[in-house]
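Each of the two complexes below includes chain A, the first together with chain B, the second together with chain C.
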Partner chain A sequence: MSTMPDLVPAYPEIFLALAGMALLMIGVFRTKDSTGLLTWLAVAAMGVAALLIVNGPQGPVKTFSGMFVVNSFTVFAKLLTLAGAAVSLWLINAWVHKEQIARFELPVIVLFATLGMLMMISANDLISLYVGLELQSLALYVLASYHRNNLRSTEAGVKYFVLGALASGLLLYGSSLVYGFGGTTSFDGLATAMASAPQSHVGVIIGIVFVISGLAFKVSAVPFHMWTPDVYEGAPTPITAFFSVAPKVAALSLFLQVLAGPFAPLIGQWQQVIVFISLLSMGWGAVAAVAQTNIKRLMAYSSIGHVGYALIGLAVGTTEGARGMLFYMLIYVFMNLGTFAVILSMRVKGRAVEDIKDLSGIGKTNPGIAIALALLMFSMAGIPPLAGFLGKYFVFMAAIKAGMVPLAVFGLLASVVAAFYYWRLVKIMYFDAPADAFDPPDTATGFIMTACTVLMLVLFFESAPFVGGAETAAKALSFG
Partner chain B sequence: MIVASLAFYLFSFIAIVSALNVILQRNPVHSVLWLILTFFNAAGLFLLLGAEFLAMILVVVYVGAVAVLFLFVVMMLDINVAIIREGFMKYLPVGAFIGIVLLVELALVFGGWAMAPEAQSLRLAVTPDMAQVPNTEALGLIMYTQYVYVFQAAGLVLLVAMIGSIVLTMRRRPGVRKQDISTQVNRRKEDTVEIVKVPVGKGIA
Partner chain C sequence: MTYYLAVFMPLLGAFIAGFFGRAIGDRGAHIVTCLGVGIAALCSIPIFSEVALGGKDQVLPVATWLTSGTFEANWALRFDTLSSVMVMTVTCVSTLIHIYAVGYMHHDDSQPRFMAYLSLFTFAMLMLVTADNLVQLFFGWEGVGVVSYLLIGFWFKKPSACAAAIKAFVVNRVGDFGFLLGIFGVFVLFDAVNFDVIFQAAPAKADASVHFFSRDWHAMTIICLLLFVGAMGKSAQLFLHTWLPDAMEGPTPVSALIHAATMVTAGVFLVARMSPLFELAPDALTVVTLIGASTAFFAATIGCVQNDIKRIIAYSTCSQLGYMFFACGVSAYQAGIFHLMTHAWFKALLFLSAGSVIHAMSEEQDIRKMGGIWKKIPFTYTVMWIGSLALAGIPFFAGYYSKDMILEAAYGAGSPAGRFAFVLGLAAAFMTAFYSWRLLFLTFHGKPRADHHTMEHVHESPLIMTIPLGGLALGALFAGFLGHDVFVGEGRAEFWREAIGTTAGHDVIEAAHHVPGWVVASPLVVSFSGILLAYFLYIRRTDLPAKIAGAFPGVYQFLLNKWYFDEVYDFIFTKNVFRFGKWFWKGGDTYIIDGFGPDGLSSLIARAAKRLGAVQSGYLYHYAFAMIVGIAAFVTWFVAGGAG
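Right, the complex of A and B next:
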């Protein structure tokens, strides 16, 4: 009863938690402004956590009475989350110093949010799922309203908080129904309970639908996407970059874990829900983005669309689909980070601008930024030879192999519509009359922009190891 | 036995009446007071179930901390009830319709409730024999062993909430006179008091 749980699988999480508290102490007791120092320490802590993950157990290990699981899937998802979080933190640091709103708590909160994401990914129990999710969400609400003297930032925070609390409520209510059916919150126990009753009654299905709704809110899939454009627009830009990568990876991984784990026997029940959510997200993400004038709102709709494509991989319910989804997320993270690095370099005379028309003619005035953004936009639209094409290719192929041709066809149509607004940006940059030139980007932002753009080409030509990694990860899930 | 049933009906009745009053009161301060009464009766119900630890926690945490906090918030924020109630009648039909649909759905779900055949054997934390282990001890035994992971994680959630509220609200205003005790103690007479010999018949220049 009272033996010590095996802590080794949870070393990365324990390390991040301790590092977060240590950083907080440094920030409190150091009299000078330590935002820069703490940012680097936080990035280093994420690096150490990544090392611990790589060198830690890879096989399926469970600890803390089966509440916490580590397998090759969680390893892949955690490394991706950490990469996204570390790069965003770098962008955040460059930006807060420019805007002069640096406070040492910022890297600490980002670190705790990342810890929450890792806990979500490793969750093997409805309770640990919820606690991880809440740790992440609470930190994100604070980050959204971080620029507290800015009306739009506080509005974004309040909106995110109220709607996020509603989503948490849905998730909890669904969990309680599932618990009422299975008598347990453990994923393993639930899998047994679900498997024995495939003709299960309406209560547990309603429970699953509620759980899916809660998770769909966290990944901002239509019809639970309403908060996304407002929060993305209102939150400080590099924090929007963080929102659009790390939490998305964590929540989509959680989605996979939950549906492929305890609810796998009920695939006939949830598959249609996911197909529906995926179709709506792809469609609405493409259509609604066309009318946007603010580039951050555009990116919000773009990310809604991308979540729709990624969900195809989940909807098909096969290992191949899961592999496609993971590879899609890998590409999406770096594509989005690159694009946000471009958005962060949209500064005219030291002032940040975020309208699409501000990009007019930068093909002549800032050719470097223009080339990077053009390549990233082509990648988002899924045009070879850029990695975005491969991401879409793998999920569509998985759908076709699973016999879900209409889903793949609709995805193709939606990406044609989406291609329109990605191309429009390129047209504005190269063919419109030049507006004010942008200030040259700072080193960090410029480096991330270049690196992510190059990565889009590298991932296309050298995709094998990454697809292999995604495949190993997908095999750890219990899809047939 | 009859005393227990009488107590059950008494607590339940007062709990329901006061819960209704929480949402029907016009004055938010009265709402909070009714809420406190609801908490007390719920604690009474816990006592009847033999869960004395939960009963006491409910009183200590919810009445002692949460409700008092609500009271402070309600009194400090100038909430204009008339504005909040505006449009109440306009949205009432839609709200009532959705509420009724939800109620019917829930009734259907719970009417046909079934449990998985294994549900009994899958239980993670089976209630121990109350004669052997008091319930406070039983809760402690699983909270710090089986659920230590989520217990610690919940602590982290609270830490983030605390950091977050400080980040979003604390400001250093210039010109605020704060008491600094070490400065006060370290003040010496020579620094502050000057003895001036004033010559007779002349002022100080």
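Right, the complex of A and C next:
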């Protein structure tokens, strides 16, 4: 009879799982539509989970036979994920009521997806990694096709599911190769095995490439990004907002955990792949977005580009790089949420619109929305004094200090091209002839839009505590 | 304190009127700018008596400017006799012109801008004349150049004004290039740009040479010639004179202040200021004499046939500047500066009277369309007479003292170049008298040739314009009489002291006082004959001028077209530069830089974006295929490349 594992480190996840099931029961047995109620309960549950994380163990603790890890890195990533998920849920709730497609399962699914993300972040074993990833992914597939009467939403769900399954297959296949070489699925065991091997076997390298490809799919990095524009466009807008923040944070954190953990000794090998993926993502995200006319597709390419920048932090393979990447993600989450809050406010006479040209002249008709979007776009393009500048600054500096100057230069050039399409929105808003005015945004959306915009300024001028947090988190990784 | 006030009050006025013109309005701008230069003018009089008459030269530091290695140039105000004469002339004339401009420009929409420019010009001119070193002098030099550009093009909606402004600027650039090279040369030779240092070291370097184009050249001659090229540009001497007549596109007060009384004389000032160097370069002085004399003659010939009232006076200015230069060229710098001073008064007077005539004739400038108006504007008529008498050098008017002195000095110098200058100067004096009275007779006498409507509106200018005219007329009457003793007479040695460098035993002014009697009398004779000829042709036999022009069509056209300088320059330089520029524009910039740079890149990205968009087909199997190809590529890379 084995002893009971230490449950304390996993309290937040256990609480979320129980809360999710309880919410499901409430939804089933309550006759009235309870989407609103459940949303608030889910947000509350995320808040409690966040409290449990903050007050729980911070130092490196492992449990469940070393499959689950908690350290300052996981704390940072989990809090960011929860924040992204909670804000998204708030946006979702406001939107589904307007579109009259509210169903009580929605907050519950989001809650389970979030649970999967937390599991991913804390994974310390290929098995727990996969379980967390699948829990998240399955929930996301459902969310993508949530608007099931809408052809494009269902198409998005199917595409995401099939390609996601393919990616999962790649990940599993890679994991099996790695297991075949290392004889263990535990990250700690693999790290020891990798470090002791005199020369890396070609099999394990192929295994790592497959694992990286699987993870690259989740963060939508080129060339595994093809699903992103279609799913972003097809999925209901607030769900796209959710897609663009929380899973990205979780998957990038996982990426860092895996490459800095078991595969750290093989940095010479995976670094080239990550550099290449990063270059492709920055370039593709910048160039392909230029021709877009739909703002959600534009945001898809924009997020591909941003992932490329964040991956610079991973590619340099140093603590400073990891710090830069985490800070980048922090800024990215709120920058994107703010932008999606603006996109959700694009409603003309009660109907949602999502063409870029619908923004024409809102500088005159909706000055508040216009100024928020303008500031957010300047932040996206990386113009001081907005936080987007600092995000890019830290990853580029990390690359330069690590001697990877060409990578930083390419990043700069790509951001010049990207600046074009961000500024084009500003130009359209302020210099084109006004089209129909937008309806005034609802309280929640308006509040999120304002808060995120203000945050872009706050993060620039008061960056020290946040950079410090990212630094503490990055130090918990085993980079040199 | 008075010294600083004299220089910086105009700047303050310009600053307030220029930046807050809208806030303080037209009236406010008039008051601050007139007050600024007025205070400067009031300060200039005690300065003149203290420095020039009292003999207290001083250098007042303002601020450090440039220090780099051994190179040092500071802001400082240098007051000696030369600069205090200039300060007094500039501020007094400028004050009167400011006041005149208030009346002359009262119809204009942007008077604060105009007044600010005028004051800014005054400040720049003061910086120029009080400069302590060549670099500060160049600052003032370029400052007056810029304001001159702005004021010629003041009515920027007129294409001809814009063209004239650009022409003035570009031609001056040619001169400035020479000036800059001259400054560089001074620095190379002396390792300093400060006047005191240069002048002290000059005698030791009198025979220094520079090696250039595999030959040794006399360094001082090269430097002086280069500096003189700068002076030629600014002072519109032959070959670089083409901008000055066109500059008359500017408002008349501008023509009076900048293009007659002050800025154009900066070249003469430069030569006088650098006289210790010029004295060591006799060859350069010969060039100065020849160019000056030729200009005096050449401009006078053109002045005889022009029909635009302002252009006639402009060519007259050009011609008078020639006098000043050949005075300097024969080492009679004192006479040159004396003429500069008297000329400032009577030429400003002539221009402002011309402005008053134009004002009266409803903006008409062609003297062929005037005539018979003297009874209607008697005051303008009177002061114009005074100005013309002074210009022609009729006894006891200002020009008499200075111009005769110059001609006597040219003769007294004894050199071939001096004799050449004397002859041409005499010829020019004849023509000066002729065209001045031609202008007077055609403008004021004879039958009215303007249309009925214009004639009815002919009226005397308001007091605000006539009072400055009166002030300038006093200058034209008395400046020569009052000044001749100290400038070129017995008191000159005590007056000038160190300000003018002359070679011992080579006192041209002294020689000028002992020339034969016929030399003294001849300018007077030719001037009177010029007046008589004009009287005969334009009052008695008004049919004759047309007949003479008809009899010598070649000569007439040659003169009317200003010796075809503009056409020749246009053919040789302007057209080719335009062709060259167009080639760079179309070939270099548009095709290569834009084509491969911004335009090329942006169209490349736009095309790439379309291409990438096409990859996004929407088909699931395409997407899966891309993923598989991607992973296959990575694996191949590692396996084939051996992966480190």
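Please note the rule applied: the second predicted complex is superposed on the first by the 478 of 480 C-alpha atoms of A that agree within 3 Å, B and C clash if a C-alpha of one lies under 4 Å from a C-alpha of the other, contacts with A are read in each partner's own complex, and residues count from 1 in each chain.
The rule is short, and it goes like this: a residue touches a chain if its C-beta (ideal position, glycine included) is under 8 Å from a C-beta of that chain, and two chains touch if they have at least 3 such contacts.
Keep in mind that what you see is a predicted model, and the values were worked out from it rather than measured.
Participant: Touch check for A:127: first (chain B), second (chain C), both, or neither?
Facilitator: In the superposition, A:127 contacts chain B only.
Participant: May I ask you to name which of chain B and chain C touches more residues of chain A?
Facilitator: Answer, by number of touched residues of chain A: B.
Participant: For A:227 in the superposed arrangement: first (chain B), second (chain C), both or neither?
Facilitator: So A:227 only meets chain C here.
Participant: Taking the superposition on A as described, I'd like to know which of chain B and chain C A:76 touches: first, second, both or neither.
Facilitator: So A:76 meets neither chain B nor chain C here.
Participant: Name the contact category of A:213: first (chain B only), second (chain C only), both, or neither.
Facilitator: second
Participant: Does chain B (first) or chain C (second) touch A:189, or do both, or does neither?
Facilitator: first
Participant: May I ask you to decide whether A:148 touches chain B, chain C, both, or neither, giving the answer as first, second, both or neither?
Facilitator: first
Participant: Please work out whether A:479 is in contact with chain B alone, chain C alone, both, or neither, and reply first, second, both or neither.
Facilitator: neither
Participant: Scan A:202 for contacts with chain B and chain C and give back first, second, both or neither.
Facilitator: Both partners, chain B and chain C.
Participant: Looking at the overlay, does A:334 come into contact with chain B only (first), chain C only (second), both, or neither?
Facilitator: neither
Participant: Common interface residues of chain A with chain B and chain C?
Facilitator: Shared contact residues on chain A: 200, 202, 206.
Participant: Can you list the chain B residues touching chain A in their complex?
Facilitator: Touching chain A: residues 105, 108-110, 112-120, 122-124, 141, 145-150, 152-154, 156-157, 159-161, 163-164, 166-168 of chain B.
Participant: Could you list, by residue number, the parts of chain C that touch chain A in their complex?
Facilitator: Per the stated touch rule, the residues are 602, 605-606, 608-610, 612-613, 616, 618, 620, 622-624, 626-627, 629-631, 634-635, 637-639, 643-644.
Participant: What residues of chain A sit close enough to touch chain B in their complex?
Facilitator: 1-2, 5, 10, 17, 21, 24, 64-65, 67-68, 103, 105-106, 108-109, 112, 115, 119, 125, 127-128, 131-132, 134-135, 138-139, 141-142, 145-146, 148, 157, 177, 180-186, 189, 192-194, 196-197, 200-203, 206
Participant: Quick one: which bits of chain A touch chain C in the complex? Just the residue numbers, please.
Facilitator: Touching chain C: residues 158-159, 162-163, 166-167, 170, 200, 202, 205-206, 209-210, 212-213, 217, 223-224, 226-227, 229-230, 268-269, 272-273, 276, 284, 287-292, 417, 420 of chain A.
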